[in-house]
Amino acid sequence: MNGLLDPLPWLILLPLAWASLAFLLGPGRGGRLALAGLAGQLALALWLARRLIEGGPVSHAVGGWGAPLGIDLYADGLSAVMLLLTQAVALPLAFYARAYFAQGAGQFWPLAGFLLAAMNALFLAADLFNLYVTLELLGLAAVGLVALGGGAEPSRAALRYLVVSLAASGAYLLGVALIYGSYGTVAIAPLTPLIAAQAPLAVGLAAGLMLLGLVAKSALFPFHFWLPPAHGGAPAPVSALLSALVVKAAFYLILRLWLGPFAPLTADWGWLPALAGAGAILWGSWQALRTPRLKQLVAWSTVAQLGYLFLIFPLFGLKEPALQAGTLQAVAHGLAKAAMFAAAGILLKATGRDAVDGLAGVAGRLPLTLFAFGLAGVTLMGLPPSAGFLAKWLLIDAALEQGLWPLVAIVLAGGLLAAAYVFRVLRQAFLLAPEAQQFHPVPRRLEWAAFGLAAASVLLGLRGVELMALLGIGVAP
Amino acid sequence: MLEALSALLLLAGAGFYLAGTVGLLRFPDVYARLHALTKADNLGLGLTVLGLALQADSLAAALKLLLIWPLALAASATVSHAIARRAAGLGLKPWRPEEKRP
Amino acid sequence: MNLLLDGLLVLALLWSAWRALASPDLARAVVLFIVFGLLMALAWARLNAPDIALAEAAIGAGLTGALLLDALGRLQPGTGAPAPESPAQPPANRAGRRWTGSVALVAGLLAAALAYALFQLPAPTVRLPEQVAANMAASGVDHPVTAVLLNFRGYDTLLEVAVLLIALIGLLTLGPAAGRPAAPGPANPLLKALARLLVPLMILSAGYLLWAGAHRPGGAFQAGALLAAAAVLLHLAQLLPAWASPGRLLRLGLAGGFLIFLGVAAALLAEGALLTYPPAQAGGLILLIEAGLTVSLGLILAGLFLLFAGAEERP
Amino acid sequence: MSAGLLYALAGVLLFALGLGGIVLLRHALRRILAFNVMGSGAFLVLVGLAQRDGGADPVPQAMVLTGIVVAVAATALALALLRRLPEDRP
Amino acid sequence: MSPNEALPLAVLLSSLLPGLIIFALPESWVGTRTTLNLAGALAKLVLVGLLLAGVAAGQDYGFRHAVLPGVELVFKADALALLFVTLSTVLWLFTTFYAIGYLEDAPHRSRFFGFFSLCVTATMGIAMAGNLFTFFVFYELLTLATFPLVVHRGTPQAMRGGTVYLAYTLGGGALLLTGIVWLHALAGTADFAHGGYLAALPPRAAGQLQFAFLLLIAGVGVKAALVPLHGWLPQAMVAPAPVSALLHAVAVVKAGAFGIVRIVYEVYGVEFAQSLELLTPLAVAAAITIVWGSWRALFQDDLKKRLAYSTVSQVSYIALGVALFGPIGTIGGLVHLVHQGIMKITLFFCAGNYAETLGVHKVSELNGAGRRMPLTSVAFSVAAFGMIGVAPTAGYVSKWYLGEGALAADMSWVVAVLWTSSLLNAAYFLPILYRLWFRPQPAGWPAEHIPARGWRETGWLLLMPPLFTALAVLVAGLFAEADWSPLAWAKLIAEREYLQ
């Protein structure tokens, strides 16, 4: 198969190309380049999905050397779905960012480009050390984006995020070192049978270190402290990118390792991430209810919603439904959270204040934004007809199938708490309030981008069959 | 014969390093310590490099070894000059015998 | 005898690392960290990994040390007095001590478990060094490390250069666009003379390192680091002004190496897969990529220092 | 007890020291130092373990080269961020 | 897309599409909005007429849409569904007229009518749902669509009422979801079927099924305002009159009652439910609600709150009818679903008229309103007599069948409950009628907005709807035996339900 026609390498090379060109040509042309690049990437992701449905998992040996010596790219249903999510969220956000950064976008486009390239590379990687390099690229790009806003507070948040991210990468790297020392290779495909055959203590410790590092990067409950200041303080398109996509990459990796090479080691540890997930849901929602700042509320909502993703780990007795529930929740949250941060960004731009109450005056003038926020809220609450509801349905179904009642209680409680903090904002739209004094008009394109994302998360709630069919490819039942 | 000479040179070099280090620990102020470091240690380095050059397996390797010495000399001269200038700029007076030992 | 020497080196390593982290005075911590870097370079030499020794000395200890010293300068501007006692020791109250104790305990347990596990390791089943040796002929270079770096795991290097570039771009978003760098006092004549003497030699040896990389320890990263060191030296001797916000040409230089690497990778797709060098031109292509990388890495690593050091405090 | 294994043990100790440092130390510059120590430790384990029964293995050496470059990139970014924080509470 | 599939979809879209368009309409386009509203309502009426004719002739309509592997949105317009669909469609038409009149140059009308249409779409979806999944999707959509209407006025009390409403309904939704998923886990994906699809499960699952039944009824009971879960209904009276009329008399509470009917008849099946002894507790709960609702209504001075408590008690008649094991009880329950709807909407229309025209909110302020607004008061009286169950009205018919059903199922204590509640109804309605007709007018009305012009005591848009619905109450009562009456349709359903 001629390399030129293989979507896998292009999904990585294309963003790298337009990111570095955007760096060369400056912010003005950077926006146009990004849009063209992202449109191409979405087409590539769809093409990859179609090829997967026809021919099963696809792999691409970089350099032609093959697994243990060279590095392989591998795409199965799970990576295809995550790629689709990444491109599908990034394209509208690019529209949003072009209108949002009316004046100087600074280095937003190169940073975002490298971030997306790192994410695509991560979803396609099949080599542990290669994953380390992609995680670092992702981390540094994300830190650069967080600090884009300038000022002492975002810098402090960015530094704390960087330190946590580097410590996590260090732990991950030590895990890779131990595995290389034990088996002599870091390629996932040959490793899986080796670990299944014989796993000395060092490999157990390596698995623990790697998963712990990734858990810290995905801001799961005990390690969540860096997320709200980082995502809350950053400009809106950045927080949308980070909350919707970047934390998902770490979750994807945990899933990939948990079900793949480390499956024999992690068989009966499912309760630990679920416990942390439950903690995340309760603590995140509680904080979201109390914070006076709008973007902090949405950031704490991310901490809470991430908890849902980790509830599926004790359900891997029946792998298929649990994986479907987790992936659908990741996709639904990705779309909805991007829409919510976009809407929050518009409200912040319009009122000039990052506050939850006091939006009543503005709500009348920005109906589309509030509607987008509402639709995104519906998905986060897991109410029909949204994709969030389907994910909640699958999760509760899988939990009941295996009789895990506390899980069901947590999911329901999370949904009600989500309703509580979403309606903290939505009720402003209905309050009779005097016209807000200072109201800066906001370009319509911003509102349409936010509405598009929110509508997508609801429409996905009506048709999830193809997505689940795609997900099933390459995932051993 | 060559080995004996090279061992002798290496021992001398080590001796000068020892002197430099003792000077570094015992001298009262920064200027004196600079003397100890630049003069004694560099001479020690020279002797060591000569000793090693004798044992080098090829002329090219020996020449590369010998190249280290002048580079180190130039670098340590400049650095000690910069440190001394900086110290003078900060008003550190050189040590006089009548002051009591620090 | 060898084990004794290694043992001494390991003890020195651990001691310098411990003192670097635990010493109360920040300046002393940084200097000790540079010592730790140099000792690490020695350790890599003992592990007969000359490439890493070179990189560690030039980048790990050298450039990082320079960055740390400069950051130190910013934290206590020009007083030269010993840094304010920012206690490395944890707070004295009971909760603080218990927290420190528990973290130390956990770290200790982790180290003990890992150490114990290291002794139980079975012999590795996959022997990659043999596979590298077997495929050396087709890799286009003679030196195994360069072969792995640019051919077998070339994809890693592509992403790694992207990491460097993104760190620089991150710096650009932070460094203030405006503001000339504060001149660090009158130029030191001796330093200027040394710079004029050494820089040509450094550029020459950088070129040598680049060329030698094909069949001896060396290569793009070490050569780039040397070029960066030359640039830092010129800057300190005030012969090279800092870069506030790079113009179009400098940006081309910074991203050029990466773009060349990307272009070659994309072009090679026609050969069947990403970065598949045709055996005949493999050596030439690798040299082209390495040359581009040397220039760009030199500029980027220098940029990490110059952009960062040059821009003075924004009010 | 080959040289490789000795350095791997040193690496483990350095890693633990660095990790403890990151968690305990308050000052941001010290945390950056701790991160670098931790990274060096991980690199030592990577090469040391791979070469625990003699023979230089170029694959981990190439990985460590990549790791060192990544570490300096991260440190430079961290120091740039540090410079933007107010002096009194680094 | 065969016509049998297209028709139910068209019924759904006939209120969804106008709704979505109305959202986008700017506030000032009054004409377009009104035409869109009325066009949607009329189109739906015609489509439902076609459906009625088709279903009566034995055709079956429905369509399926796969949402997830093994989970489908299923729509089935069977006889039971059409009972609720027809009721909603007819009353939606009248309420649209009423709302247009009521909200003359009020703010946010596009938003109001947008959500209004969404509510009706949700009601249609609930009625035509073919399985529990679809039922739940539209059940929660109804919650989301009604919240903005409850808080439409934007006053702090409205917000408090809305929050209470949301807390109850979302909490109920969570319970319902658990029950539905549990049944899904136990019995796999199954559509509603006459006689229920759970009977086939192995006996050991009986305990779980009972607990699941409790969850389902609790979830649905919130909207059906069964006693412990009825708190939101009086609070929701802060909503404007058309909302209280259509939603709290028809759409929302009926959705709950309809849910109970579906669960008992088409999920568990009446015989299976009886064998699991689920019907008696349901009957007891309904009975308690009936008495408790009427009892609390006695003491409410606010007219709409009194009507709200009356709704709480009346809706439980349907639940009672369902719980009476036997066809006659079922007919009584089903027909009451329609009759209660017509009667209660008339009462709310009249209450709205009194409030809008005279500014009268309290029962104590109603003295002599009969003379000032004779037509509205006549409609009010007819509906009030219907609620009490006086002879010629629809209320009498449904209570008659409920009584007969109770005797047939030898649950004679139910007859006693019916009598006590009828007496209580009389106790809280007759004083109002007495004030309306036999007390002199006060010097001035609290806030007389609309002056009387000859026989038109208030805007004709406000006056016509209650008159028509009052007429319907009489017609449904007098011509109960006719073959096109709600009673006949209820008999058709009961006959099909019990045939298997």
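The first chain written gets the first letter, and so on, giving A, B, C, D and E; residue counts start at 1 in each chain.
The criterion applied here is as follows: a contact is a pair of C-beta atoms (placed from the backbone, for glycine too) under 8 Å apart; a residue touches a chain by one contact, two chains touch by 3 or more.
The shown structure was predicted, so the numbers you read here are calculated from the model rather than taken from an experiment.
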Chain labels contacting subunit A and also subunit E: none
Smallest number of contact steps required from subunit B to reach subunit E: 3
Best-connected chain pair, where connection means C-beta pairs in contact: C-D
Innermost chain, where centres are averages of C-alpha coordinates: A
Label of the chain whose CA centroid is most distant from the centroid of subunit C: E
Chain of greatest Cα-centre distance to subunit B: E
Intercentroid distance (Cα basis), subunit C paired with subunit B, Å: 28
Subunit C and subunit D, separation of their C-alpha mean positions in angstrom: 12
Subunit D-subunit E separation of Cα centroids, rounded to whole Å: 69
Euclidean distance of C-alpha centroids - subunit B vs subunit D, Å: 31
Where subunit D touches two or more other chains, by residue: 8, 15, 18-19, 23, 32, 43, 49-50, 52, 59, 63, 66, 70, 73-74, 77, 81-82, 84
Sequence positions of subunit A contacting 2 or more other chains: 129, 133, 136, 140, 143-144, 147, 155, 174, 178, 181-182, 184
Which pairs of chains touch, using the document's own definition: A-C, A-D, A-E, B-C, C-D
Interface residues, subunit C side, partner subunit B - complex: 80, 188, 190-191, 194, 197-198
Contact footprint of subunit C on subunit A as seen in their complex: 1-4, 6, 9, 13, 16-17, 20, 23-24, 60-65, 68-71, 73, 106-107, 110-111, 114, 117-118, 121, 129-130, 133-134, 136-137, 140-141, 143-144, 147-148, 155, 174, 178, 181-185, 190, 194, 198, 200-202, 204-205
Of all residues in subunit A, those that touch subunit D in their complex: 129, 132-133, 136, 139-140, 143-144, 147, 152, 155-156, 158-159, 162-163, 166-167, 170-171, 173-174, 176-178, 180-182, 184
Subunit A contact footprint on subunit C (complex, rising order): 113-114, 116-118, 120-122, 124-128, 131-132, 135, 151-156, 158-160, 162-163, 165-167, 169-170, 172-174, 248, 251-252, 254-255, 258-259, 262, 265-266, 268-277
Complex contact set, residues of subunit A against subunit E: 324, 367, 371, 378, 381, 383-385, 389-390, 392-394, 396-397, 400-401, 408, 412, 415-416, 419, 423, 427, 430-432, 461-465, 468-469
